[in-house]
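Next come two complexes, and both contain chain A; in the first it sits with chain B, in the second with chain C.
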Partner chain A sequence: MNSRWAGTPPGAPPDGRGGRGARAVTGRQPLWSPAPVPADVAASPLAVVHVGRWYGNVVAVNDVTFGIGPGVTGLLGPNGAGKSTLMHMLAGLLPPSSGQVLVEGRPAGRDPALYRRIGLSPERDAAYEFLTGREFALLSARLARLPDPDAAARRAIALVDLEAAADRQIGGYSKGMRQRAKLAAALVHDPPILLLDEPFNGMDPRQRLHMMDLLRRMAAEGRVILFSSHILEEVERLAQQVLVMVAGRLAASGDYRALRHLMTDRPHTFLLRTSDDRAMAAGLVAEDAVLGVQLVDGALDVRAADYSSFTRVVAGVARRAGVTLYELRPTDESLESVFAYLVNR
Partner chain B sequence: MGRDGTLRQLLVLTARQALGRRRMLLALLAACAPVLVAAIYRIAGGGEYEAWTAGLLNGLVVTTLLPLVALIVGTSVLGGEVEDGTIVYLLVRPIPRREIVLAKLAVGTAVTAVVIGASAVVATLVSLPGTAGPGTAVAALASVAWGALIYSSIAIALSLLTGHALIVGLAYVYIWEGVVAGLFTGTRLVSVHQYVLGVAAALDPTQPSLLPWHLDLATSLVLGAVVAAGATVLAIARLARFEVAERP
Partner chain C sequence: MGHAVSVPLVATERLTKRYPGVTALDDVSLALDGGIVGLVGANGAGKSTLLKVLLGLVPATSGKAWVLGLDAATQGSRIRQRVGYMPEHDCLPPDVGAADFVTHMARMSGLPADAARERAAETLRHVGLYEERYRAIGGYSTGMRQRVKLAQALVHDPSLVLLDEPTAGLDPAGREEMLELIRRIGSEFGIAIIMASHLLGEVERICDHLVAIDGGRLIRSAPLAEFTALTRVLTVEVEEGSDRLADALARAGRPARREGRLVLVDLEGPPPYDLVRDLVVDLGLRLARVEQGRHQLEDLFRPVEGDTPDVGLLEAGPPGGHRAGDAP
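The block that comes next holds the complex of A and B.
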């Protein structure tokens, strides 16, 4: 764990459970908990300190604490996890119901001057349909009161690779083009902090790769980039650091590779189809890596202790039992099941 | 780019939005009605043109069309952006919230004043023969512009206070302004309709004799300014605390 990046959230075990720089956050702290603010969190360019946000009796974000430093950080979570709410609070567009959101040490919100330092690309697909992409970037540059708005708009359009469509009205854009137009507007004033809410939605693979390269380059220049996604692979390819939100809570945070290990190093279930299911089941139950085997609908439903140890032994078991493997696939690889595991452990 | 440049950008953006909305077509159609009615009356040779024109201006233009168009336009200039989510692109810029509100108010007022003002002027010139026409037309234009400012400020504040600004605005206009304000002398002091009539009566020499009761010019200007300023300050305060939320 980069100590500048995240502080210990309330309720997290002191050893940073999960090891190797990642932790699953398991504590269900009461909102009135007077837990101290870790110094490294408070010193981060983006700091979220015991933040809660609720609408009536619906809790959208529940006592979340983290800090974000330079580099690309992925905010991962299923739809409805509270990612957009958190993004809006970081952008100063939504006050927290409890706790504090700090941008470079200043409270986010009610301070328009802060938007010289922040660029936001919202998730909602809203746009000034009657403007061209170039006009939208130029408008953003002028509203940002840049000294040379034309040059800034040209640069932003080029950065997001929108030159070919820049003089067409946004109303006629594809979703991927709209995303790039929004990104151009967010980048136009060259902000040191970028908040991107589901920025890859609707982009084709080529656009996605281009955008990832761009964000990597910008992060290498020292910018703080936080992007949200519900797709594990996007986060895997881009983010060095990850925050996992589930049901409004911070389920895990830390270095992506360590988190990935945490996600794979958990009980898994697999489906096996073989030439002799009974012989295969007899061989599997003798293995330490296997917790249980069931014959269900002409296939074996195997519960393994963890992903890697099971996949190492399964071929050997089949060979020793003289069984041919027809099919082997994990049955609980959905992001939701991974999140559920992280929350419940 | 200085503040003037930012305000100009907001004005241009808002004008393009306002003129491009379908609601604008409705406003333009409504504005044609007084001209059409005046032309029919004139062609039919109805007579008593001064009294009839005063009735047309007071009854149809000031009571009905001015608040209707001001609400339609005023609730769309800012409320439309709140509704479609584009307001975010203004809120994440380092511009004071008052500039956003003032730009929206300027465009809402101008569009309403031009559309309804032009309608009132043309209808007056069509229906009122002789030398009285231009004087009455100027008074109608000025009073409509004054009413456009006050109603627009109310419409903009409503669009930040409720998600049903147009419905609430129409209920206010037709219940308060249309019924309650006309019942008691005291309620006339808190009626935008009366502020508009006060300006019209002061500027048009033919009107005082035709209006049974009206506020004087100073009262109409001061009370109208208080309402417009109050609504604008409220709108600025609401926008400063505006929350962009995606409720779970």
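The block that comes next holds the complex of A and C.
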């Protein structure tokens, strides 16, 4: 997936300066003209093409187009942005009001063969409280008509590390255990596509670490994993790609670093600690890439117009000035910064 | 013990709480002095039990606990007059407005009717609930519910508030606002805060002190800075060519490890800063970061190799047994 950014001011250079194939699209596609579908979207295992979904007059998802390939993709957005609606459409449980949702090239929904390719862990507590975790996984295995449902359930329970509690009723589970029970049911038929709606909710730090390892392993096996989360640090660590939904629209997609580099109207800031801040500051202000330097609390606060050219020159400036670089770190490159920018725009 | 000299905010002495089949708190002795205290631990590690013992709602099996100098075993109601509690679970009545509910909670804490109404209005405004306060809580969003829960914990002007997962279910903007609110309660109003959370990132951002418990035992209670002390490793991030940088460092007699875009250099020996700088220039690389590593809170929860984390077993509990955190 390339990095795309809906709403880049028209006339912005389409190549951007983001690197890694980052690409900006100009403006939003009007609904009434059949907009072309990028080839990489149509060929993706999960493809969403000009999809809208409304409930009465409430528009939950509005003309969204993207494709997702193997690996972990993070789905972000404020509450009510349309993330869960999107998940349910991808799982084939909810038909789109307009556009097409394609799973491995076929329309999602009313296709039991496709349901076997998808594992969905919904956000809500969707498990029967009177079943045990093992029975719940078994139910899912039988629904998928697996040849050996018992073995599959056992395998899934082991995978999510729920063995010790597998024979107790889900009604008595903690939130973290419920999440793992839902995940076991989603994984029981070994699907190549995983849709996980806030899978980390209610998990404690140790369970989070385990879950991250599990998702990384499954991504390395070539699975397509889409997960939604409100915890941006987690998404940053786990997802190679992100999709950001804001008010039903896709605000951006791609590598979040590349997205950050597309935010050309916002300077990149760096903090520097050196052996001689004065000499370093003098060297930096002579560079085109540097917009301004301030001395704050014994450190240099540098504003750079362009990430790429600043990182290219900074070490050279230090060497020419005979200055030792003790610390250099970007202070505004996090996913949190990208997210806040997209949501508040 | 510290409590005899000056009155600490919270002190426990060999505090133990056993439920049938589960030891929820095991010989916990600690003293806390205010500020914003983070309470972290696995599910079922004993966090909620500790909060309930401190509130005087659950009697300890053995050991002692004091809050603001009051004995939790015998002076529970006096403690609850001076302490606010924001529970984790959804505990709000759906069919009343926030204004009525918080006024009711203020009266429960002993405020007269007029004062209760005024305090409720003020507290709701303070947590960011305005016109909505007269609508039934049943129609509130998660963020609004969390604010109501916080308001009822603050309405009687407590000296200490206990917050159990205050950001649960909030989206990034909602989390940010809630954390800012908690920070302000701590700094502007001087109310001490004990906050249980699973999100180590937010604990790191707003807490001054950290208490880590695991399997009912106190792992560590210390200022946050001690958990995130500097390591003896220098992290260098280059946009491309981390392999070339690592090779060049090795040739210069400074072996380095690679982790993706990062090159990790051991800081033992002569300072490597100028060597790194010069190699980056010579190789024509783009330098994005030079930073001494820090210990991470998460390290507390990483399984040590060959060591079975016993808390995992505790959480699962014996068949049919109580989970420590959910025990009555």
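As a convention for this text, the second predicted complex is superposed on the first by the 232 of 345 C-alpha atoms of A that agree within 3 Å, B and C clash if a C-alpha of one lies under 4 Å from a C-alpha of the other, contacts with A are read in each partner's own complex, and residues count from 1 in each chain.
The criterion applied here is as follows: a residue touches a chain if its C-beta (ideal position, glycine included) is under 8 Å from a C-beta of that chain, and two chains touch if they have at least 3 such contacts.
Bear in mind the structure is a predicted one, so any value in this text is a computation, not a measurement.
Undergrad: Contacts for A:A113 in the overlay, against chain B (first) and chain C (second): which applies, first, second, both or neither?
TA: First partner only, chain B.
Undergrad: Is A:R168 contacted by the first partner chain B, the second partner chain C, both or neither?
TA: second
Undergrad: Which holds for A:R312: it touches chain B only (first), chain C only (second), both, or neither?
TA: A:R312: touches chain C, not chain B.
Undergrad: Under the stated touch criterion, which partner chain does A:P149 make contact with: chain B (first), chain C (second), both, or neither?
TA: first
Undergrad: On chain A, which stretch or stretches are contacted by chain B in one complex as well as by chain C in the other?
TA: No residue sits in both footprints.
Undergrad: Flag every residue of chain C that touches chain A in the complex, lowest number first.
TA: Checking each residue of chain C against chain A gives 40-45, 141-143, 168-175, 198-201, 239, 271, 273-274, 276-278, 280-281, 285-292, 297-298, 300-303, 309, 311-313, 315-317, 319-320, 323, 325-326.
Undergrad: What residues of chain A sit close enough to touch chain B in their complex?
TA: 55, 58, 60, 80, 82, 84-85, 88, 91, 93-95, 110, 112-116, 118-120, 122-124, 126-128, 130-131, 139-140, 142-147, 149, 185, 248
Undergrad: If you look only at chain A, which of its residues touch chain C in the complex?
TA: Going by the criterion above, the answer is residues 19, 76-79, 161, 164-165, 167-168, 172, 174-177, 201-209, 230-233, 308, 311-312, 314-316, 318-319, 324-330, 336, 339-340, 343.
Undergrad: Give every residue of chain B touching chain A within the complex, in rising order.
TA: 1-2, 5-6, 9-10, 13, 16-17, 20, 84-86, 88-97, 240-248
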